[in-house]
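Notes follow the structure.
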Amino acid sequence: MFGAHPDDIEFGCGGVIAREAVGGRPIHFVVCSRGEAASNGTPAGREREAKRAAKLLGATIEFVTLGGDAHFERRPAFAMKLAAIIRRRRPGVVLAPSVVENQHPDHVVLGHLVRDAARLARFGGLKELRRVRPHAIAQLFFYAVAPEAEPTNLGRVLVDISDVDVMDRWTAAMNLHASQMRTRNYVELQTTRARLNGLRAGVEYAQPLFPSDALVVDSLATLQRGARRF
Amino acid sequence: MFGAHPDDIEFGCGGVIAREAVGGRPIHFVVCSRGEAASNGTPAGREREAKRAAKLLGATIEFVTLGGDAHFERRPAFAMKLAAIIRRRRPGVVLAPSVVENQHPDHVVLGHLVRDAARLARFGGLKELRRVRPHAIAQLFFYAVAPEAEPTNLGRVLVDISDVDVMDRWTAAMNLHASQMRTRNYVELQTTRARLNGLRAGVEYAQPLFPSDALVVDSLATLQRGARRF
Amino acid sequence: MFGAHPDDIEFGCGGVIAREAVGGRPIHFVVCSRGEAASNGTPAGREREAKRAAKLLGATIEFVTLGGDAHFERRPAFAMKLAAIIRRRRPGVVLAPSVVENQHPDHVVLGHLVRDAARLARFGGLKELRRVRPHAIAQLFFYAVAPEAEPTNLGRVLVDISDVDVMDRWTAAMNLHASQMRTRNYVELQTTRARLNGLRAGVEYAQPLFPSDALVVDSLATLQRGARRF
Amino acid sequence: MFGAHPDDIEFGCGGVIAREAVGGRPIHFVVCSRGEAASNGTPAGREREAKRAAKLLGATIEFVTLGGDAHFERRPAFAMKLAAIIRRRRPGVVLAPSVVENQHPDHVVLGHLVRDAARLARFGGLKELRRVRPHAIAQLFFYAVAPEAEPTNLGRVLVDISDVDVMDRWTAAMNLHASQMRTRNYVELQTTRARLNGLRAGVEYAQPLFPSDALVVDSLATLQRGARRF
Amino acid sequence: MFGAHPDDIEFGCGGVIAREAVGGRPIHFVVCSRGEAASNGTPAGREREAKRAAKLLGATIEFVTLGGDAHFERRPAFAMKLAAIIRRRRPGVVLAPSVVENQHPDHVVLGHLVRDAARLARFGGLKELRRVRPHAIAQLFFYAVAPEAEPTNLGRVLVDISDVDVMDRWTAAMNLHASQMRTRNYVELQTTRARLNGLRAGVEYAQPLFPSDALVVDSLATLQRGARRF
Amino acid sequence: MFGAHPDDIEFGCGGVIAREAVGGRPIHFVVCSRGEAASNGTPAGREREAKRAAKLLGATIEFVTLGGDAHFERRPAFAMKLAAIIRRRRPGVVLAPSVVENQHPDHVVLGHLVRDAARLARFGGLKELRRVRPHAIAQLFFYAVAPEAEPTNLGRVLVDISDVDVMDRWTAAMNLHASQMRTRNYVELQTTRARLNGLRAGVEYAQPLFPSDALVVDSLATLQRGARRF
């Protein structure tokens, strides 16, 4: 789970995280800035908010720097930094912000860096990564922090997050970012999106993810539902 | 499972069918012509070949006419015909040829008709369909009879068909269409495609399907594999 | 204003209609079926609902048949029928359902028919249309009855419908389709969409339209707002 | 108004500028190099040409460096530089070269930098920009310096520049870049494009712009014309 | 060479035809209406104009009916009619109007019919076509009658038509359609397009074609030029 | 001919190279790393393998550094480096890896750098390139090292490489990269792709290239074949 700013994961796919946490899967957040460019909140305060939100969602968390908030750059050194984390944590599924261009530039850059890092983590000859053995992730999903960031050229997977416990955890986690709540617009944006996706999927609430690579399955038995309500 | 001609299902997604049959799922073929426009084979002979191939794949089969081979038309009456079958068979998952334009015109038309039929099957007020109660399918997947017919604007799901028993059944089913074997090009085209998709997915053989609508899942636990080999 | 079924206009772009009606522009609805294929309601009842809703929105209304509900076909005779109406009413701006394929087939067909009709209305030599002199519309906008029907290859115009009077009229007009209110899902779908588009546009509520052709303007002075909130 | 080289604005959207200048709107050019990599002209000479052309078009002008001609880079420091200008000038509408990849690399980079800068200009916590208070622009339009640079995934707005005074000013402004007139190809390219767009729009001459974000309008009353001639 | 109306071929790709005629290749026009829906000209007059223009371009010509001007329909019977002509004439290269949707509906339908017909012409079992032996064309190119009709999802081939003799023949052929010259807009539209494409290609005049299928070549030796001027 | 790693050219378009070499055209490889990040092989060993493979294919070869394997960056200084080589070698046709994003990051960066370099090579005022006179290439083709890297928004050219001598040279050249042969997957991937493309083109084997810019031709006489088998 990679997020550019202390609240991106919670806002962009926090419902999915809550759902997987409730299901007992281990989750780790990598937050790549402390929100130091934002109009509201202090870096220290935002780190505290992020840690509390991660804890609530049942996730461990670490912070890493990729040039600083609003200064992310698509440089190999940063991709290596993320690849080192991937090797260390050895995840199966990785989530990152989408690479749709017209959104916060840090999100785009981070999406690219994670996708590249997931490749670099496999290559045996990289000097910077020599200390940890290579690792191939199973799948990379993109999430969209805003509707504008939803890719239209990838498949769409809607995760059902209707469970009351899941929704409660998610909204509580968003609200823990108190410094960003001058207006409630962000929370409303995300719950409105989730309700709209839920209506499309025939459930209460759903959040979309976008697989970077073709899904591989043993059988269609696991793909028996589709968003075909309207 | 809808196919325009007696061998389309076998060639376009026969490996997936064999895989699901081996897994014990009930499968029904709807073949919409008897191949009467083809350069080789007779309608009666091709019907026999299709029935034998369906049996080998563990599927039941029926024939329906949508204007005749090379004469398919996108008319409401034909969509109703298919919707009636959907109501009668009440499938969860439906497969149809893709609607990519530059391919055999019957395939395009059938893809459109099945997609429309899957909607019409839900509407309670249709006079022609009054006798059978409405039915909503869960998901529609498109398959591609040729590489040119693979959509680039939908997600891609690769079904692992490496199992020896699955591959044997599939290739045997293709070969049962003896009238179409003047050259072995069709069989080679499909097994070459399946091997290429297998290499991409990190397995022996795989066949691609393209979900018409967003996939809905309860958790990411069922989507733990991706085609990330190269 | 063209709609396939008695409630499509209200649900797909009723807020825009309400906005223009409040602004004093004359509006005319052309409804192309009486919803006779729907699970709920009778044709006569639905016609009554549509007339009341049109009246509430300040629009005149007429009904025309293009093969019947769920039986629309893309045939020149139907395009001529619509072209005749365009010649008779001589509108500047025309609205029609989008031609995105994966939605109710009648919507797709109607979108195509209206776009074609808007061309045919200009041609001087058409025998069927001889009685009324040719007319060239100024612009055709598509609306989307469901989120899945929003085109991704056209520009997007968000019309601000936040005005309380506008929103009241719109929701009242939707609710007049009482036969379709077994669940409130349709109304909630549309108001949720409008709120999400409003949040993107920095207003309370907005509805999207999609211009079929390049917009022509005298100056950028009229295009001074953009959806740039997130 | 951002341009990569001293003549890009004039060639890419000078007609629109002339139109708005004639309409009395204040216009400011930000030129990001002195054309020092070009085959013809000297940096000092080109700066002079650009200043004269800006004056003729009724615009103020400033020069800024983003690594030098043919050396533009997509780096946060450069985006901050442009964001600082946006805060200082506080424009409503901003124009920048499109981000279509297959064109002069400086144009692509500048398009990306301006789009990012327009976001950064809003963020309250950026140290480099602390001295000027945040500013949110209303809309960003892309222009295309060459036909190849026209985006196909955004809406298209054609600005009518047929007015004789507007056309005269525009062509005069282009011709002021005398050092680039070894051949007249550039001027002819642009007037040919403008005539072709004019024919499509039903006017004498028109220039295309491409809104980066959905247009927001109060009513359709301002969007009553479309390019529907053929 | 297929054209929907008596002047479509001349306007949409007449320069290419003139170029091939000058090169000595045999050319055959199939015109699918007599322009009976047009605002100007009579069917008989337009047939005469088309015959003279074809003669000037060194082409033979025949007329066929697909429902009548402004009444083209995508029906198998019409595709068979065109397939029969393909079998009879046995061309290598075929040209047809593009299938881009937003243009004169007859052009779209004809593009689809020709593409389908080129497939049907190969199938040995078609009763309607039994009298002439199957034929496989080598390549299908689409042409665009208007700029809006240029596909953006296919490759683009620019044919150099700068030769004075070629240009003279082409413009003369367009002008032979005297009934359509109430305004000179159509001729100017096409020569302006050709000049713009010429500037892009580094020649005087060029016309674009869009290959329906991947080009197959023996060597890159024949593809040594590209439109890389700007 | 540009390749990011010592075997990319051979794997991605070695068949085309063998074809052109057999045809007697001079070929030059520019390899931009020594594969030092790979899991297998040493930089010195891989350089030797690349030299032998180039020799076998009849090509000269040089090595250049763009930050090191897995560290390529899209920086102007690197584009200048490649532009200098283009000026020095003065090629007509240039080949580079595609810029499709979801592949090895070095490939994407190199594709962008070469495309930019081909432009920069034309500009007369660049100080770094002052010593060699400007050069304009004729055409840039992209090749795809893996199926995922094939662009879907450009035209596709299939080069027939069925000739036995061509295929032998190509497979021998791939096998010379002995350090990468721990599994034979890469060779099988490429020959499977070539067979599949061959089946589509109606030949034994074919490799795809993707022209960056519109093809310019004197006549359609050179484009008489298309991939229209299925």
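Going in written order, the chains are labelled A, B, C, D, E and F, and every chain counts its residues from 1.
The rule is simple: a residue touches a chain if its C-beta (ideal position, glycine included) is under 8 Å from a C-beta of that chain, and two chains touch if they have at least 3 such contacts.
All figures in this text were calculated on a predicted structure; none of them were measured in a lab.
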Given chain E and chain F, the chains that contact each of them: B, D
Chains touching both chain B and chain C, listed by label: A, E
Label of the chain whose CA centroid is most distant from the centroid of chain D: B
Chain pair equivalent in interface to E-F, over half of contacts matched, among B-C, A-C or C-D: C-D
Type of chain A:chain D copy interface by residue overlap (half), same or different: different
Chain pair with the higher count of C-beta pairs in contact (D-E, C-D): C-D
Furthest chain, CA centroid comparison against chain E: A
Inter-centroid spacing, chain F versus chain D (mean Cα positions, whole Å): 36
Chain B and chain D: spacing of chain centres that average the CA atoms, whole Å: 51
Residues of chain F engaged with two or more neighbouring chains: 74, 148, 152, 200, 212-213
Interchain pairs in contact, sorted by label: A-B, A-C, A-D, A-F, B-C, B-E, B-F, C-D, C-E, D-E, D-F, E-F
Of chain F, residues touching chain E in the complex: 16, 19-20, 23, 25, 92-93, 118, 136-141, 152-160, 200-203, 206, 208-209, 211-228
Chain F residues touching chain A - in the complex, by the definition given at the top: 35-40, 67, 69-74, 101-102, 104-105, 148
Chain F-touching residues of chain A, taken from the complex the two chains share: 74-76, 79, 99, 112, 115-116, 119-120, 122-126, 134, 212-213
Sites on chain A touched by chain C in the complex: 103, 145-148, 152, 185, 188-189, 192-193, 195-196, 199-200, 229-230
